Amino acid sequence: MGLRTGEQYVEGIRNRKYVKVYVMGKPVNDAMASPFLKPSVLAFKATFDAAFQEDTKKLARAYSPYINEEVNRFNHIHQGPEDLVAKVKLLRRLSHKVGACFQRCVGWDALNTLYIITSKIAEREGKGVYRDRFINYLKYVQKNDLALAGAMTDVKGVRTLRPSEQPNPDAYVRVVEERDDGIVVRGAKANITGVAVVDEVIVMPTRAMTEKDTRYAISFAIPLDTPGVTVVVGRQLNDARRLEGGEIDGLPYMFNHEGLVIFNDVFVPWDRVFLYLDWAWAGALVEVFSAYHRQGYAGCKSGLGDVIIGTTYDLARQLGIQDRPHVQSKLTEMVFLNETMYSAGLTASWEGIKLLSDGGWWVNPMYANVTKHLVTRFPYEIARLAHDIAGGLLGTAPSEFDLKNPELRPLIEKYLQGVPEFTAEDRLRMLRLLENVSISAGYLIESIHGAGSPEAQRISMARLYDFQLAENIAKNLARIRVNIRLPEKVEPHRRSDVEG
Amino acid sequence: MGLRTGEQYVEGIRNRKYVKVYVMGKPVNDAMASPFLKPSVLAFKATFDAAFQEDTKKLARAYSPYINEEVNRFNHIHQGPEDLVAKVKLLRRLSHKVGACFQRCVGWDALNTLYIITSKIAEREGKGVYRDRFINYLKYVQKNDLALAGAMTDVKGVRTLRPSEQPNPDAYVRVVEERDDGIVVRGAKANITGVAVVDEVIVMPTRAMTEKDTRYAISFAIPLDTPGVTVVVGRQLNDARRLEGGEIDGLPYMFNHEGLVIFNDVFVPWDRVFLYLDWAWAGALVEVFSAYHRQGYAGCKSGLGDVIIGTTYDLARQLGIQDRPHVQSKLTEMVFLNETMYSAGLTASWEGIKLLSDGGWWVNPMYANVTKHLVTRFPYEIARLAHDIAGGLLGTAPSEFDLKNPELRPLIEKYLQGVPEFTAEDRLRMLRLLENVSISAGYLIESIHGAGSPEAQRISMARLYDFQLAENIAKNLARIRVNIRLPEKVEPHRRSDVEG
Amino acid sequence: MGLRTGEQYVEGIRNRKYVKVYVMGKPVNDAMASPFLKPSVLAFKATFDAAFQEDTKKLARAYSPYINEEVNRFNHIHQGPEDLVAKVKLLRRLSHKVGACFQRCVGWDALNTLYIITSKIAEREGKGVYRDRFINYLKYVQKNDLALAGAMTDVKGVRTLRPSEQPNPDAYVRVVEERDDGIVVRGAKANITGVAVVDEVIVMPTRAMTEKDTRYAISFAIPLDTPGVTVVVGRQLNDARRLEGGEIDGLPYMFNHEGLVIFNDVFVPWDRVFLYLDWAWAGALVEVFSAYHRQGYAGCKSGLGDVIIGTTYDLARQLGIQDRPHVQSKLTEMVFLNETMYSAGLTASWEGIKLLSDGGWWVNPMYANVTKHLVTRFPYEIARLAHDIAGGLLGTAPSEFDLKNPELRPLIEKYLQGVPEFTAEDRLRMLRLLENVSISAGYLIESIHGAGSPEAQRISMARLYDFQLAENIAKNLARIRVNIRLPEKVEPHRRSDVEG
Amino acid sequence: MGLRTGEQYVEGIRNRKYVKVYVMGKPVNDAMASPFLKPSVLAFKATFDAAFQEDTKKLARAYSPYINEEVNRFNHIHQGPEDLVAKVKLLRRLSHKVGACFQRCVGWDALNTLYIITSKIAEREGKGVYRDRFINYLKYVQKNDLALAGAMTDVKGVRTLRPSEQPNPDAYVRVVEERDDGIVVRGAKANITGVAVVDEVIVMPTRAMTEKDTRYAISFAIPLDTPGVTVVVGRQLNDARRLEGGEIDGLPYMFNHEGLVIFNDVFVPWDRVFLYLDWAWAGALVEVFSAYHRQGYAGCKSGLGDVIIGTTYDLARQLGIQDRPHVQSKLTEMVFLNETMYSAGLTASWEGIKLLSDGGWWVNPMYANVTKHLVTRFPYEIARLAHDIAGGLLGTAPSEFDLKNPELRPLIEKYLQGVPEFTAEDRLRMLRLLENVSISAGYLIESIHGAGSPEAQRISMARLYDFQLAENIAKNLARIRVNIRLPEKVEPHRRSDVEG
């Protein structure tokens, strides 16, 4: 098959046997029936629908050489820079449709990461078992067009200690038992995007390991309804509004979620284990994944930027101020910041790197890090400019329930209308859209921490830049030691550990 | 009397005869009984309590020469630069106790503004009637220690048109009838802080007027329970959490509110009318008020900054990372930004200006504008740095209801604990405090728009700076025309229109 | 031939018949003999040498379909996105060798611009005369590997008036006479990079024109030694140091120059006239040129950024502080800013646009503008960080003549040495390199104004972004008008006027 | 006497017996005869003249209780917050007259520092000898109105090692011999402002010391013509232009200088020794001095900011663009940044601290650090905005020698004129003023490093802020431990080590 419709996806997660998901302290069986989770389902669903809609299907489909048919791009292994570019472009476009995180990137990046790492282990160490298992799993995923979550971030306990040094030995997910037919794992992963509404979850280590951390160096995939898995869905800004029964104030049709996934002695069969005790590969795996995931932010966050720009522009028109020089200048600044993030991600793609003898297209790690680092800053600036133009009512507007009150409605319609071409309801709707998108955990906090916090990107950039080479360039120009030989390459970048 | 306790204030607003207040579409009679408004009452109450608490009473009381006794500083007319300084310091201190806007500044600034303007009119035009009425009202307010709101911002309709040009003639509050015993007004004021929980509201014009706008040039004060007054309370980020019955996720004990106040043909007796048809004074009134109010932000926002810094520092300690260089550097940056805002406000105070022959201490308008303009930028930066240190869990943490679920509690306690000295509940409480304070409408949106949006401050600063004088300084130095005479004054500032 | 060596270029400009060039008030005949201009000659020369050096020749050469041989890339017409990318990469690399502007880009961008515009006029209006003349000229340039300057910026007089409205009718270059064999032009062009050391100069209009400005709508090329041409070379920061006879303090081997070029009734034969009175095309010409030139900054400025980073890193090592966290953090920030500028330029290239039926590869105008706009900001920030790490001695170091004084030398060597592995002379050399590169007119002022000042890019970005489309995206999400049809394209960009 | 005229000062430095000063490798005997040093003399002279000029004499004089007469404020010991405020205001005003650093603040701050420290030692340890010597010296300085330099920054060698650990034992100034009549010192101080044109220099330690560094813990004052003292004057941007004989391009009438001062076994008599081996006081001395000096930047740099704003405004008028919205917005931004720096310095003054039982008015250290930290950033931003408005000609304008060439003059006058009210010479003069002020070592590099580099201020701010108190504020609000007692003070600041 290879391509499911959105409806089929929804049907699929309804059919999960037994999923232990908690929302605000209570178990939720049917995500579509939960006003808290339904928006997440709809966002995920949009990634499936995109493969069938006229305006996105070219981008949303790709040809898989592994199953020799078209697959949803979200389960595709990149075959060249064009695929990397298509990823960023697809994400920008989908953001326009969903207005929130569609939550399917982490699983996608996990697939590509495991493809690279298991193949590298095969190429370098001649150990092909991980790759064989992974390719089988990949075919299964592609054929059934599964919805995947990726789980990397451990809860980490004391941040300054390694996994094996923690007072709580389960602060990182670990193997607690090895059996003939597989392994038993324990621990918890935090901040897992979309996890309550997926078919399966791919687990990966969260940091480089030393020999002492061997039992923490594991990667595997399991269905979400595997016994022992508990999901506690996290809160987000304004989440309680979705439960009010309204349609405007909380935008109950668009949102994502993150969850805490707890593995309480969960059994994983061998054919689902993609890394096991090979601690030396954990660092490379994290590096490959992080770069893939950092690149992606260029797409989704610039897409949300478009939503914010469009909303702000509309609000300026509602007030009749869209031509004022300071308004134009601020709108332009928003465009500039937004396109800067996007362009860094395109360069990370076009300048992608081939890691394997037969493919293995990775993003350029320097520009993937540059992209994400921009994303840790510019959304706050874009939000600030949007709030500036939108006016103070953004933080003080009446509720939709005031609008629905027949006594208040005429008053609100009279007093909150701006330019006569728009209604007060138009204004409230746009203000709520701006509030919920631009001051969301997704646009602000997640822009900082998703795919690694700012410090992680700084460490990567510092490692990738060749300061010694730059120093030699300077020495030549200062005539300190004339004619130090410089290499042919243009950017003074070191090879990453993964390129080796 | 002159000084009420917090309890007396609460009692007072309970005794308001008939107040027409709507929250989320429904009328609310008793604010203390409304989970939405109770936090506002508590915040307001803190300003009364402060006059009786050991650690604040020196700052919170002042001696009024008008009634010859001590009054709550929030109803005090500034008698010199020390009073202006005390205002800023009191606000910083109170923020530490309340963690949110205590909502009593607008009324205070309105009192000081009307004191200046009515006195100026008396001094310049020999028309003492406004001043006489105002002093009587001031004594009444001080003796009864009333809780006041100030209402300036009209709903404004089409922003590019003057009041008299609007398609909706009520887009600015106006006189619709003059009677022997007073006037009848119609219109609406938006973004009115704390308005649902005050005793009285002081209404002022929102912009400079021309002769055509005469009927819009009015200022007056009325009790909130005056017939014809309707208040529609506005929403804020995360507000629905207060209605859940929890105590952690929504911090239901601390918050402010803003409201839309609609005047539906409201009668105002003459002794409560402080400006009437004197359109030429509207601009000066707005200028005086704005500068007072802009100065104040130095206090309350730096106080919230302390809360955010303290919360972030605690979270860093919970993760064991408080000594990491990048964490220290970010905490230091937060302090630097926070103290910069505060110091600008202190200079606005110490360099205050005497506007009347017998007093009338106004803030220095240049530095009041500098203060507020800093406040339109730095809180977004402080928030970003706080979110960076706090970690991604800030946007994904489980609910307090998960913690209260006996099945989940041990899991959460095990997996969300950082350094063993702290509990997972400590972590959740601090994350929720940071979420609700740093991503609030109050700390972000209101920092931009309160007391005028950024553009308003820019226009003020450009007007107050004497570019011609600076040009002459430059001409001297460029030896273009040597020895252009420079005045003795140091700062190249023009006199404001109010100093005139 | 198609490829000259650096020596041949130097020989060539020596053989210019009669060039009227002034430096600091005095005529200069032999640029190589002028300590003021020699560094410019050397920088230009490096662009020729690059075609023969192992580490650059792949980038520095390109195959020209017009003369069917390899040409120096600086005279090449881009044949696809790869050529646009190669441009940026070549510029970054050359900056490492020259440490200053090599001054040959403007002529190159002028060639590509005229190629596009003359071809467009042929395609759209069937008027092939300009294109024929231009292709002939191009072949001549490529075959003789000429060094070209491009002259666009008029002196402009009163900035708020159009050319035909100016009190000084020569404030923009114009035709003063039409003859059978050509035209006579008068006016002056300012800020013309490298103009004193080129073979020929290509003149273009500097703005969109109206019908009244017809006589100002001209483009042509002439040898610099054409009668009536006067060049007044402009000053730069620290330029007088080149005249001291030293080798360290003024880096007399690396620098560029700009000049004022005055056309005092200069005759231009018809075969050198590429636009004549066709005022409607002036705007398009400027748009095409500006985008080409804005893209290029990604290369040369990031190359200078590498020089500054390398110098700063070396100075940190000299002080022994290269591992201090704040130093590492600042170096990383410099890398981040530098690579951001570069990546925007690569995206402008990879996402290039085909303007003609048979080629005509233009840069993507949105990202070309983003690139240049970044360049108007980040170099000041990079410079500040470099100065921070370098230490105060950067502004107070003794002269090389102190070092050469036998009495002072041992004192300076004793007291200005840092870590023993380096000498005090190493320190002085690096400080001077940093001073002259990071605080140069080239790295700071020209980064703002080259290829148009910041406002020009803002106007372009605002025009290229489709705010209406973004608004529709927002309307869909706000459920105001559901299912507004969005186009297939991903970026909400309008077509530029040139794409039509 | 107590007050010298500028002429008397100039006469005084001419009468120095034997001063060993080198400029660009050559000895200079008469500073007024050296085109390199004359501008420094003129700038210093302005501080004397100010005490006699109508528009500054109120600020420039102060009453000294030590000699019971009026003294030049630059030799005054602050007697209260008003004096601290007067310092900042005087510096802003003087900058308008000089357009450069007047170089007399370091000596002034050294006097106030030694007053505090020698008095503290007397108060705390009962050791009054330093204070007695210092008061005698102070009277001598005040009576003779001496011009003083302050020398703190050692050359420091390897930055990560303490004085006693350095490979070069003279990397910090130290005592090499103790005699009956005094001590002999060796070492060098770098970046010493104005040192070649003063009467005396006050030497202070540059950092906190440990017991091992005892011999480096010294402070003393000596005349510049003391045997063994060598001054090597440092270079500055554009310095060579002063030697050209022109008057416009290099502004040869305004500039300061810094120098390297070498103490080659210099004898200091006991009555000039103010700290000797008391290593434990070195840290406090540095802290006191640094805060005084950091506060001062609010004045001089905002004064230069006014010069830059005035120059930029004039250039905008010359181009006719002063009313364009983006120009107005940028000018306003410059004002805003400039006044922010100034206001932080005023708060550092108004909120000054009394350190001694009988006075000893110190600046508030938190706001002194905030001030200087702002100064390490905002001048680069102000410069950038100025360059943006000024136009590209700022980096490419012809020389004054071109203007003086009779053949070129009419061409330049024709082509470089903007609005007819101004001449091309006006334009050149203003461009040169902007170039030399805004891109000077004084406005850029020294703003970063003077009074300690940015990291020094960050360490101070982090030490002065009480993070534990802020954490307690947060804990109260998070209801973690309710009612943690908070102190009465408003700002969560720790006492500095000096306040103890």
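A few remarks follow.
As written, the chains take the letters A, B, C and D, and residue 1 is the first residue of each chain.
What we mean here is this: contacts are C-beta pairs under 8 Å (C-beta built on N, C-alpha and C of every residue); 3 or more make two chains touch, one makes a residue touch a chain.
The model shown is predicted, which means the values in this text are computed figures rather than measured ones.
Common neighbours of chain B and chain D under the contact rule above are A, C.
When every chain is reduced to the mean of its CA atoms, the largest separation from chain A belongs to D.
Should one ask which of B-C and A-C has more C-beta pairs in contact, the pair is A-C. With each centre defined as the average position of its C-alpha atoms, the distance from chain B to chain C rounds to 51 Å.
The mean-CA centres of chain A and chain C are about 39 angstrom from one another, to the nearest whole unit. The set of chain B residues that touch two or more partner chains comprises 326, 329, 458.
Those residues of chain A that touch chain B in the shared complex are 22-26, 153, 155-161, 167-168, 170-171, 188, 190-191, 230, 232-241, 243-244, 249-250, 258-260, 262, 264, 319-321, 326, 376-377, 380-381, 383-384, 387-388, 391-405, 408, 411-412, 414-420, 435, 439, 441-442, 444-446, 448-450, 453-455, 458.
Only residues 325-326, 329 of chain C touch chain B when the two sit together in their complex. By the touch criterion given at the top, residues 54-56, 58-59, 89-90, 92-93, 96-97, 99, 247-248, 251, 253-254, 306-307, 309-311, 313-314, 317, 328-329, 331-333, 335-336, 339-340, 342-344, 346-348, 350-351, 366-367, 370, 373-374, 426, 429-430, 432-433, 437, 458, 461-462, 465, 467, 469-480, 485-488, 490-492 of chain A touch chain C in their complex.
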